[in-house]
Each structure stands twice: as structure tokens, then as C-alpha cells.
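The letters A, B, C and D name the chains in turn, as written, and every chain counts its residues from 1.
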Amino acid sequence: MSALLCVRNLNVRFGDTLAVDDVSFDLPRGGALGIVGESGSGKSVTCRALMKLLPQTAMIDGSVEFDGQNILEASETTLNTLRGKRIAMIFQSPASHLDPLMRIGDQVAETLRKHTDLKGREVLKEVRRLLEVVRIPEPDRWAKAYPHQLSGGMKQRAMIAGALACKPDLLLADEPTTALDATVQKSVLDLLVDLRRTQGLSMIFVSHDLGAVARVCEDVIVMRKSKVVEAGKTRRVIDAPQHEYTQMLIASHPDRLTLHTPQAAAHAPPLIEARGVQVRYGGRSLIDIISKRDGGFPAVKGADFTVQAGQTLGIVGESGSGKSTLARALVGLVKPAQGEILYKGKPAQPSGRNRALYLRDVQLVYQHPYEALSPRMRIRDAIAEPLRRHRLCPTNEVPARVADLMKQVDLEPMLGERLPAQLSGGQCQRVAIARALAMDPQVLIADEVTSALDVTLQAQVMDLLIRLQKERGLTMIFISHDLAVIRRLCNAVIVMRHGEIVEAGPTADVFDHPTQEYTRTLIDAIPHLQEAAL
Amino acid sequence: MKTLRFIVSRLVQSVPVLLGVSIVTFLLMVNTPGDPIRLLVGIRASDETIAIIRDRYGLDDPILSQYFTYLGNLLQGDLGASLRFKVPVSELIAQFYPVTLFLVIYSIVLILPPVIALSVWSAKRPNGVADQIIRILGVVGLAMPVFWVGLLFARFFGVTLGWFPVSGFGTTIPEHFRHLFLPSLTTAIWVVPILTRNLRSALLDEMNRDYVLAGMSKGLGASQVFRTHVFPNSVLPTLNLFAVIVAYLLGGSVIVETVYAVPGMGKLMVDSILARDYFVVQGATLVFALTTIVVMLSVDILSAFIDPRVNS
Amino acid sequence: MKLSPMFVWGAALVMFWILIALSAPLLATHDPYAIDFEALLAPPSADHWFGADNVGRDTYSRVIYGSRLALYIGLLGVIAPMVIGMTIGLLAGYFGGWVDTIAMRILDITVPFPFFVLVLSIVAVLGPGIENYFIALALVGWVGYARLARAEAIVLRSSEFVLAARTMGFSHPYILFRHVLPNAMSPVVVYMMTDVTLVILFGAALGFLGMGVSPPAAEWGVMIAEGQIYISTAWWISFFPGLAMVLIGVGFALMGDGLAKMLRIER
Amino acid sequence: MINVKGLALVTIATASIAGGAVAQDIVRIASPNKVTTLDPIASAAAGNIEAFGQLYARLLRKDADGTLQPGLAESWTISEDGLTYTFELRAAKFSDGSDITADDVAFSLNRVAKDEASAYPAAYAPVEAFTAVDEDTVELKLEYPSAPMLSYMEIFNAGITSKGDVEARGDDAFAADPVTSGPFMVDVWKPNDRLTLKANPNYWREGYPKVAGADLIEVQDDNTRSSMMLAGEIDANRGVPFAQVDEMDASENVAVPLAPSTLIYGVMPNHTKAPFDNLNVRKAAAMALNREATTKAMTLGKAVVANSTLPNALTYHNADVAPPAYDPAGARALLEAEGALGAEITLMITPSFEQAATLLKAQWDAAGFKTTVERVDGGLWWDRLTKGEYQVTINWWYNETEDPDLAVRWAVCGSCGNNSYYTNYNNDEVNQMVEDALRERDDTKRGDLYREIQRISTEELAQIPLYYPPFANAYSTRITGLTLTPSLQWTLEETEIVN
């Protein structure tokens, strides 16, 4: 098979920063190449350079030969005959890559109208077909819908449909499954795999998740700091990684992480207990009151669970399952419509009068590292804030305490002067944790703390949490959509769906012998390193 | 159907607003020192005469009862009569309102093309030469007093060149266009910069959106992506500002109307305030308020029409 | 935070005027209020650099002193509305519920009011005088600020760092002041910069309608209005204050654009 | 990319929807004064006065040089005791074609003289009654003689209205669209904008008016009127700012003749409020003012410095009196003597007097006053003035007739209803002389009385006279024969369109 695409010494620099440093690879016709790396590794830039989809400020050299034609030399007009027709691209976060004001059908049709001479009805028929290909139910209905009316998975499918419209030879997939729920992710991956088979599609698959790549591609290159550090057959790279970065990458993949065996929670009395907690969003409208309905929609329906001291409870579920809402109810950000929360056996009002006292014991760490910190507040002040406000220690000791806390979460002291925007995601997350620890809490609720982080950072943060728990005997409630993470951290787990707890029990039991169908699908959806491509 | 219900409910909501407006106006007017009658009968009238006429118009009744009488008539659609002219306020409004409405709409017609052109032009190459020039000119236009610009235009286009009339409204539609050209142009001078700045930044924001990249990856090419994706998305944020400005134009029309002797509402209103012609001020204010509300409403409907996310 | 060139230019221009305002007595060549029957409508000359007005006052000196009033009106004219607007807007946006409802009703009533009418009648009620002019402006101008602040507050209310502050057990007032306010500022400040220009202009417009600052104050708007009838016989009376007004306007507007750039926190 | 040029074109296109100016066969007059009512008795405001003259014929009329001519009254006789006037009416018709009868005349004149809503009955104080003797004879009975009574049969509110019309439709309807007796009738009245007149076919003067109609357009802003004049959009501009007179006059097809007026500008102290209740303080205020220079500054030398409290255009104007001469040092000394040095005074003005205020403040402060200028809008000004809530202000006034009777009643009489133009100047001697002069039928004696009134009131500075300005109105060369008479009447009926 002759190479469909061969890239030689590709360099991309923005100003004086080198985004892609001397990257070369071949893609055989019908082949699939994965590009793995963490954020900022230059994998996305590489991918876009293949289509010359970079801002004018980017300076590109090297050569990208597609089917014997040098893309980098080609004029905009020629490029526009290639883009979408012979090379198509799909992106991360379909939500933002679809025009919110345009119907799905039209966005798919755009490509057709541009590159084919199909007219009127034929276009509609073709759109319908494509939507079926990507397994969108009732294509006619959804074709008329607007992006915001579709679920994340459907959006991604729609985007794929648009990419496939002109039967391209090459599909560039830039993190197509990131930020999707595990099950959705799986289905999209399956779709891609399937498309390769049925449409004989060549593919470049960019992802930070080696597992996902393993599922789709037989070849992989690993990028770091805009360089290719390793390349080869996927299987080989996974089984025998040469470069130590690859090794670390694989090591920090949940599959490879050694399960930390939490001390079997002693039969201590439950520290936190939820009894039939029910949370509704949206108040009761007049009509609701008249018709004796509760109004709004229930985000959490009658949740019961207990957490013993020193235990780590995992709450898993996909977006919209109500797991975050439950967490917020625990710290009083939302008021349960029914049910009660007991702390140390006594009913607690997290949103009530003496919430401050309760919150000293129960702290929440948020998902998005940047957004959880006040953008205009220096790190040092952010950590000191609770100390000062709650007079947790004499004013003159505050700096010392802050320094100590920063040390506990492995933050260099010099970072204290910075603003959140000047920190990496991992660092921000540490700051957030440090700030929570400042209150010296008994219970730490971690809401998706790792999901916005690269795998290596993810691993580090998890290590940190485990260490902290050991040192301080913290009780933890760990919320995540990532079962692998849960499995590693927690000794008990709750599976939530549509606001209900569908399954609960010790981690091992739930994972190894799930009693619920839904739990099983969730577990199956975990991308494993050992997936065979094709 | 859904939009209809939306419209109706909004109009219903506007009733208390109008009531509030009328109360505020009334309070302002009754607390304004100065006697309408004195201005009415002129300098030489004796105090006795004035007392008699005041009494005739019931201007000495207690304020509350005055207001409720007014409100009562209002509910029957009677805006009362002008103290100065003794003609029904509704007549005056019927006479002046169309002029101002014409003026505002005409201004908008003159304003939109340059706004779009300029903002697109400067957004094409942000901080490029064109962009900078447009910005500076814009700021200058914004910082020049309207009446000053008006005077210069009148003298130059009207007197020196004799291209356009410097006053009045004319009687036929084409005449309206000629007579109101300079007033509208004068208005445009300061409105165009504001809207341009806004639309420009909106365009720039939208140009960096992901779907632009997606569009490019489909091979649509810059111009098509701009037309079909960037532009529609940029219009939304500008629309609201637009509504605010239209409201402001209605209320601020007095300046151009004075400079170009246009017989419009703004002038009627200010003259009525100066003459303490309470009921005219009341009526005119209400009409203005209602117009503003309608403008806001239609903008909301329009953006709901453009943006499917709004009404879901 | 990197200074944008636009901001630098704008700030320089505004500083220029502030300096002029401060050192007016040094810069002025004449008493800005001293009339001089010998110099009626005198054209620009070595003695009267910008000429003299219809009572023989030195236009140059009046322009110089006028900068004081312009800045005074400009700044005070926006500060009051901003404070009122921000307060209402933030409270409404942050707490929502009935607070929001009430605030929005007041706003609904203020918005459809024809701007000039409201200010004119307020000035008419309170009588002439620059202070009353400020009051009028405050009563009308707060709306814009309230809108902006409210929009920001609504977003910030549900942002994670505000939630975090809540779960730290901090009180609402503290959060509003320490976390919401600073992050809601930037659009308001930017808007403020344009507003300054508009306020100064509005003062001029009132002068034109014969309701501006009382004579013999050296107020650019009034100077322009007075100079109008001499437009073709003694252009300098209105030209130079007009020029000054444009220059200060450009200054603030550039500052605004620059700030808009700078205050965006890059991620 | 959106087509920039295309959009530019759109703008231009919308702009250049052309249509040449229509040839005008009517006279267009722009005036800053408002027409607020068409009922001659309802208002004495300038704008209305200017309109009334065109709508209503009077018993007498003035010709161009101001001498009284027969009007609706062909002839008249005055009884020996001067208490009975008998007017013989000519055959004339109202605009609706109905005859103008003695009844209508009696009705109209009694209305202006006696109706409680009559805005300015001062001239008719002596009237006992007008009665219709027969179809075309009207008799006027006075309670006491009034020398100028005949000339009052010509002033703006002595216009003849149709009794039938007024009674049939009521005052308000009438005031909006009256049946008229004058050279013109109402075509359209757009309040707050313009009064469009068309020639009254039934006007008694054969062959008048010479034009088909007239537009009385109200335009507040001086510059706008000037622009309109220069752009040829109007034929006459009422009130050209003195600053623009020469420029206007110089430009082709526009002429700005300075016409005599009965206007007088003056400083009005409030005689019942300190410090101006004190004659010496008033003297100081007068001496502090360089009235020549001030006049020059305000009128660019186009007006005469005033020497008396009465307009110089009036008969019996006293040329020999004069307020104290310019002497700032003397003024300061006086103030010191009165212990009024540094007296705080507030000068209340309307927007049109900013320049004057500036001049006065500067000169007064130089002489030792501490002046604050307070600018108020017209409405507030009148309110404060009539309530006497002011210390000093500036304004102008004019007189309907060359006869000084109304002038003295208005300006210096404390007992004639207007408290000497609300300055509260009240000198019994003067008041008495005002009444005597009215009744005095010997011309020389009468003259002496009025000269004496002027001497006293000027010495006591009832007002500080500033200057006697001419009318500065601009006229297009397109028309001839249009002037504004001293009694604020346009000679529209004489006006012709020449090209």
C-alpha cells in the first residue's frame, strides 16, 4: 500500500515558540494512525497543519504530501477543493464546533453543497443517509433540529456525518471522544472503527487517551513538548514502551495503576449519612402549586447512603446523573426538597444558620481547576482567605500556615505570588485542595477533580489525595464519571443514573459482579489499553 | 402561536410599566415650578386674570384628584387637551409623532449600511490601518456635539452646496427623504461609531469560535464561513445595543429637531416642558415609552427568530 | 498585565488634560472671566492665542479652565450613576429572586423614558446648577451600569469560585465584595469610559437647549453654544472648545478600548 | 466578504432621492415666537400678537409711516367731553362671507375690554361699553376721557371677531380655527410648528392681500433661522442676531434693514428686596455699568444707548434725562457709604441673556457687588418675576402704540396692575400723573406730564435702561413691502412677491 499521506520534518512555530518540532510520519491508504500526547504536546497543531488550518501567525515548514500533492505549498483555492472533500476533520467538544444558529441538516449539507453538484431533494436524501450511517435515530427529525437540542454524543455523530459527506479519503479526528461520557465515548469509538471497515477510511486519531487510540489505530506516535518521542505499532508501544515518557504515560493509565487497598472501614458509626435526600431544580410555578405537583425537575431522587469515618465513597454516573447535585446538597449549595443529612449522627443544616461550623468539617473541591479560583486573587491570598475569615489561626501565623499547606500539596512557595491564570491545571487543583485543607476538614468531597486533567497529572493528584487521606485520616467522597479512577481510590461506590442510586456496595463487588445492566455497560465502556485495533 | 403568546404577555407586562412612567412624569410636572397659564396669556396679563384661568383648568385642585382625573380619562383613551393650544393631546401627537418616527427610521436606514461595512472592514484586519482610522474617526464623530455638527452640515450642505434643505419635513414622501437627510446624517455621525465598535468586537469574538475552524475544515473558504456563520452570530449581541440606541434616538431627537426645525415629538416635548404644558408632556412621554417597549419587544422577537436557543 | 498601546495613548491624552486642569492658573494668559470691551470678538493673535469671545474674554484661557469643569462633570457625572447602577445590578444579579424582580421593575420604568425629557424635567424641577445636573444624570444614567453589572453577577453567581467561597462558609456580603465585584468591574469600567464622553457631550447639549451650566462658567459646551451665532464671523469662539472636547473624548474612548483589551484575563 | 462598496452605494442612494424645491407663491416667515392661540383676547404674547394682526381687521389701521387711517370704521366722531366715540362702519364681510355688523364690533370690543379672560384689557380701562346703535354704527362710551383711546382701536387685541362664530362654537373651538375679518384666514394651524394662512377673499380692502397666503413658521434657534434664510427656505427671518446682521445683509437676495421699534432693554431691580430697595444701591449699580460699551458689545453698535425708562420711539420721549454716568469708583464709594460693599446679589436671567449677564456680573463685581448669575427657563422666570421672588433681572419690553400711556402703565406704574413690570417700583406721584396724563387732552400739558414721569422714574432708577434696539429682521429680495411695525404687526397685506 502506497502512503496516502507522508509528513516530513514538519515544523510549526508561533512567534518564537516551537509548537511542532520536526515531526515526520507516513499514513498508508486505509491505515489509522494515533497521535497521543498531553495538552500542549503539539498533537492538535500537527493535526491541523495537515490541512493547513492554522492562523496566519503560524510559520510552517517541512512537507505534507497528501496523495502526492504538497498541502503546505497548495493555494487556498486548491486547499478548499481538498478540505471537506478528500480530507475531513472532526473535533473535540462538538458543541462549540457546530454553528448554534444552523440546523443540523444544513450543517451536514454544507459540505455536499460545496463539493458536490447535488441539488435540493438529493441533498436532503443524502443528509438523511449520512445521519443514518452515523446511527442517528429518526434522521429526518434531528436534521431539522438545532445543535443545542442534541445530546453531546449526537452532536459528535452529526459532525462525523458532515465529515463523511463527500466520502473523504482521510479523516482527521482531533480528540473526538474527549469530554464525552464513557458509554457515549465507546459508541463513537465503535462507530469510527466500524467506518474504517465499511468505508475504507484512512484516519488520524488524536487523543490524550492511549486506551481510546488503542481501540481505533494500529499505529501510534507519542508526542511530548512538540516532539515525537516514540512511534510504532500500537500494541508494541503499549506492551514495550521505549521512551520513559511513554512508560510514565502508560504507567499512569488507570488500567496500570496499582489498586490502593483502602483499610477496611472499621465499623465506626457513620460520619455522614444521607436519608432520602431529594433535590429539585426550578421552583414551583403557580400551575404546579394548583395541580399539587412539586414543580421543577428532580435532580436527585431519594438518595440514601452512609459514609464511615476514614472511608472513601465513590459516586459514579454520567453527566446528568445527579452526582454533582448530590455533592452540592452535602455542602448546602442546594437545599434538599426532602430528606435530611446527618453529620456525626446529628441532623445537619449545611445551608442553615451555623453552616460555617459544619463546613469547617465538610469541604468540597471542584472540577474545573481554573474556574474554582477567583481569577483576580493571588494564590497565597486564596489559601489564606479561609484562615483569615474564620480566624482559624492568629493573623501572624497565617503566612506560615499557608506555606505549610502549599508544601503539603507539593506547591513551590514561589507560586504563591501568582494568579490562577499563571498556573497549570494541576497546580490550580492543588491550590484548591490546599484551600480546602486550610479548614482542616474531616470530610473532603472531590467533585470530578481529576477529569479535567491529563493522565499523568491525574495520577499525581490521585496520589496526593491518597497520601492526604492516609496522613490526616480524611473521610472522602469522590465523585467521577471515570470508573477506573473510582476503582483505584474508593472502597465503596454508588452508581447513579437519572438522579437515582441504581447500585451501591464495596468497590470490588460492584466492579467484578455488577448486579445492574447499567453498571455493566458503564464498566464495559472503560477504554482499556489491551483493546485490539480492528 | 408561541410567539403570539409571548408578545401578548410582554404587552401585558408593559401596562404597569406605563403606569409607573405616567406617575413619575406627573410627579415631575406638578413639582416643576412655573405657571403654564402665565406663559399662556402672556406678559401683560394681570394676576387676577391668571387666577381665573387657572381655576378654569382645575389646576388648583389637589394633586391626587388631578392625577386620578387624568388617569380616568386616560383609561377611556382620552389623553386630555393641551393647556397651551387647547387642542386634544392626541391630535398633537398624531401631528408630530410620525415625523419623529420617520426621522428615527430614516436614520437607522442611513446608519446600518456603514455600520456593517465599517465593522466588517475593520474586523478583517484587526488593528490594521483601516481599523485604526475607522476607530479614530469614530471617536471623533462620537465626541463632536450633535448640534455643532448639525450647524456645520446645515451651512455646508444646505447653504454652501444647496444640496439638501436645512429645515422642515416637507409634504410628500420624497420631500420627507430630502428634508430629513441632514438630520439623519447628523444623527448617524455619532451612532455609527458606537454600533460599529460593538459589531466589530462581536465579529472578532465570533471569528475565533470553533465552528469557524470547522467550517474551514469543510473547505467552505473564509468568505463563505464569514457570511453563513460568523456574521449571523455576531448580529445578536449588537441587536440589544441597537434597541437601546433606538430608544435613545427617540428621546434624544430634540437636538436635531431643533437644529433643523423639524416639527417632531422631541421638540414638542421639550417645548411643552418649558411651557409647563402638563398633559402634552404626559401624553408624549407615554407614547415614547410605548414605542420604546415595542422596539425592545420586536428586538427580542427578532433575536428569538435568529437564535433558536433564546425561546427554548 | 500588558499595557495596550491604545490605552497608553488614551491615558496620555487624559493625563494631558488633567495636567492642564491642575496647572490652569499657570497656563492661562488671562483671567478666564475678565471681560474686555477692547477685545470684543478679537481674532487669534499674539495676545489672544485663541482669540476672544463676544465679551472680550480670552478663549484660550477659558478653554484651559474649561478642562476643569469638563473633567469635573465627566467624572462626577459617571461616578454617581456607576455606584448606584453597580449596587443595584450586583444585588439583583447575585441574589436574584424578589430583589431582582424589584430592581428590574424600576429599571423597566426608567428605560422607556425619553432620556432628555427626564433630565430636562428633573433639571426644571430642581432648578439650574451643576449639582442638580449630576443628580439628574445619576437618576437616569444608572440603568446602563445596572444592566451590565447584573449580567456579570448572574454569570458569576454560579461560577465555581463563588460557590467555593460559599462552601468556605463565607457570608454573602463578603463574597459580593471580595469575589463578585472585582470580577464584574471590567465591562463596567469600559462602559464608563465611553459614558464620560457622552456625559460631557450631554452637558453641551443641555447648554444648547439653554439649560446647561450657568454663565459665566467656562464650560466648553456652553462656550460652543454661545459661539454658534458667530460661526462665520468669529469661528474661534466655538472652534477651540469644540476641538478640546473632541480631544478629551478621544482620550477617554481610547482608554476604554485599551482597557477592554487589557481586562480580558487570558487563559 | 460582505460587499463594502455595495453598502456604501445604498447609503448614497437613499440620500439622493431628489425632488426640486417647489415654487412658492406664499410668503414664509420664520419667527422664534410661538403662536399658541388664535383668539385675539386670549394672549398678549409676541407670537400671537404677530398672528392676530393678520387675522382680524380693526376699526382703524396704521399705514406704513404709522399714521392712523380708517379701517373697518369709515369715519368716526368724538364728543366734546371726549367720553363718546361714534364709529361708522363700512360694508365688509367675514372670511365666511357673512357681514361684519355693528353687533360683531360691539361684541368683540366689549369682549376684550370686559371679559374676565381678556389677557390685556389695560388699554380699555376707561371703557364703559361699546354698543351697536344700528347695523353699521358703533358707539363707545367712556367713564373718563382717554387721550390715546382712538389709537387703541388699532392695537392687536382690538381685532373684530364674528359674534355668531364665537357664540356658536365656543371660545376654545374658535381659538383653534376662527372665522376672520382680516386680510388672511386660517388654512392650517399646526400648533408648535406653523400657522399657514391663505388670503381672505372677503377682506374689505380691495386688491389686498397681494399674496395667496403666508406661512408663519416658528423656529427657536437663531442659527437655524439664519441657515433657512441663507438657503432661501424662508422669505423673512424675525430677529437676526446682531452678530449676523452684516453677514446676512451682505449675502445676495437677503436684506437686513434695521427698522425702528418701540423696544427697550433694561435692568430690572426688585424695589421691595434688599439691596435694590435702596436708591443709592440702584445708583451704584447703574454707575458701575459702562452702558455704552455694554450696548456696543450686545448689539455690535446697532442700537442706541437708552437714556430714559421709556422707549425713545414713543411720543413725549424725554431726551434730557439720563441715569448716572459710568463711574465705577463712584459706585464703590456709594456702596461703601451704604455699607453695601460686597452685597451679594443674584441676577436672574433667561437663557437669551447669558451675554448680558456676563457683562453685568463682571462690571458689578468690579464695583464691589458679589453677583451670582442664575439662569432659569422662561417658565420659571415668569413665575419668580410675578411673585417678586428675585433681586434683579434683565429683560426687554415694547409698546403697542407710539402713545406712552400703555408704556407707563406697564413699566413705571405701581397701581396699574403690573407693579411696574413686577419691579414693585411704586411712586404715588408717578401713579397719579399716569392717570392724569391719560385724561389730559391738552397735548403740551400731557407731554410735560410724561416727561416728568420719565424724569422721576429715571432718577429713581425704576429700571436701569440699557438700550433701544431696532428690529433686525432679514427679508428675501424675492418679496417687497414686508416690514414689522413698531406694534409688532407684519405688513403682510402690502407684501408682494416680485420674482
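Observations on the structure shown:
Everything below uses one rule, namely that a residue touches a chain if its C-beta (ideal position, glycine included) is under 8 Å from a C-beta of that chain, and two chains touch if they have at least 3 such contacts.
Values in this document were obtained by computation on a predicted structure and should not be read as measured data.
Each step here moves to a touching chain, and the least such steps from chain B to chain C number 1. At the centre of the protein atoms shown, by the Cα-centroid criterion, sits B.
In this assembly, A is the chain whose CA centroid lies farthest from the centroid of chain B.
Chains joined by the most contact pairs: B-D.
Inter-chain spacing, taken between the CA centroids of chain C and chain D, is 42 Å.
Each chain gets one centre point, the mean of its Cα atoms, and the points for chain A and chain D are 85 Å apart. Each chain gets one centre point, the mean of its Cα atoms, and the points for chain A and chain C are 47 Å apart.
Contact of a single residue of chain A with at least two other chains is seen at no position. Shown for chain B are the residues in touch with two or more other chains, namely 32-34, 151, 155, 222, 258, 274. Among the residues of chain C, those in touch with two or more other chains are 124, 127, 228, 231-232.
The list of touching chain pairs reads A-B, A-C, B-C, B-D, C-D.
On the chain B side of its complex with chain C, the touching residues are 16-17, 20-21, 24-25, 28-29, 31-34, 135-136, 139-140, 142-148, 151-152, 155, 194, 197, 201, 244, 247-248, 250-252, 254-255, 258, 266, 269-270, 273-274, 281, 284-285, 288-293, 296.
For chain C in complex with chain D, the touching residues are 33-35, 37, 40, 54-57, 124, 127-128, 210-211, 214-216, 222, 226, 228-234. Chain contact summary for the complex, chain D toward chain C: residues 222-223, 226, 241, 243-244, 246-247, 290, 293, 296-297, 300, 350-352, 354-355, 357-359, 361-363, 373-377, 379-380. Across the complex, chain D is touched by residues 32-36, 38-49, 52-53, 56, 82, 84-87, 92, 95-96, 106, 109-110, 113-114, 116-117, 120-121, 124, 151, 154-155, 158-159, 162, 165-168, 172, 174-175, 177-178, 181, 185, 222-223, 226-227, 231, 258-261, 263, 267-268, 271-272, 274-276 of chain B. Those residues of chain A whose C-beta lies close enough to touch chain B in the complex are 48, 51, 53, 76-77, 79-85, 88-89, 91, 93, 96-102, 110-111, 114-115, 146, 148-149, 159, 162, 172.
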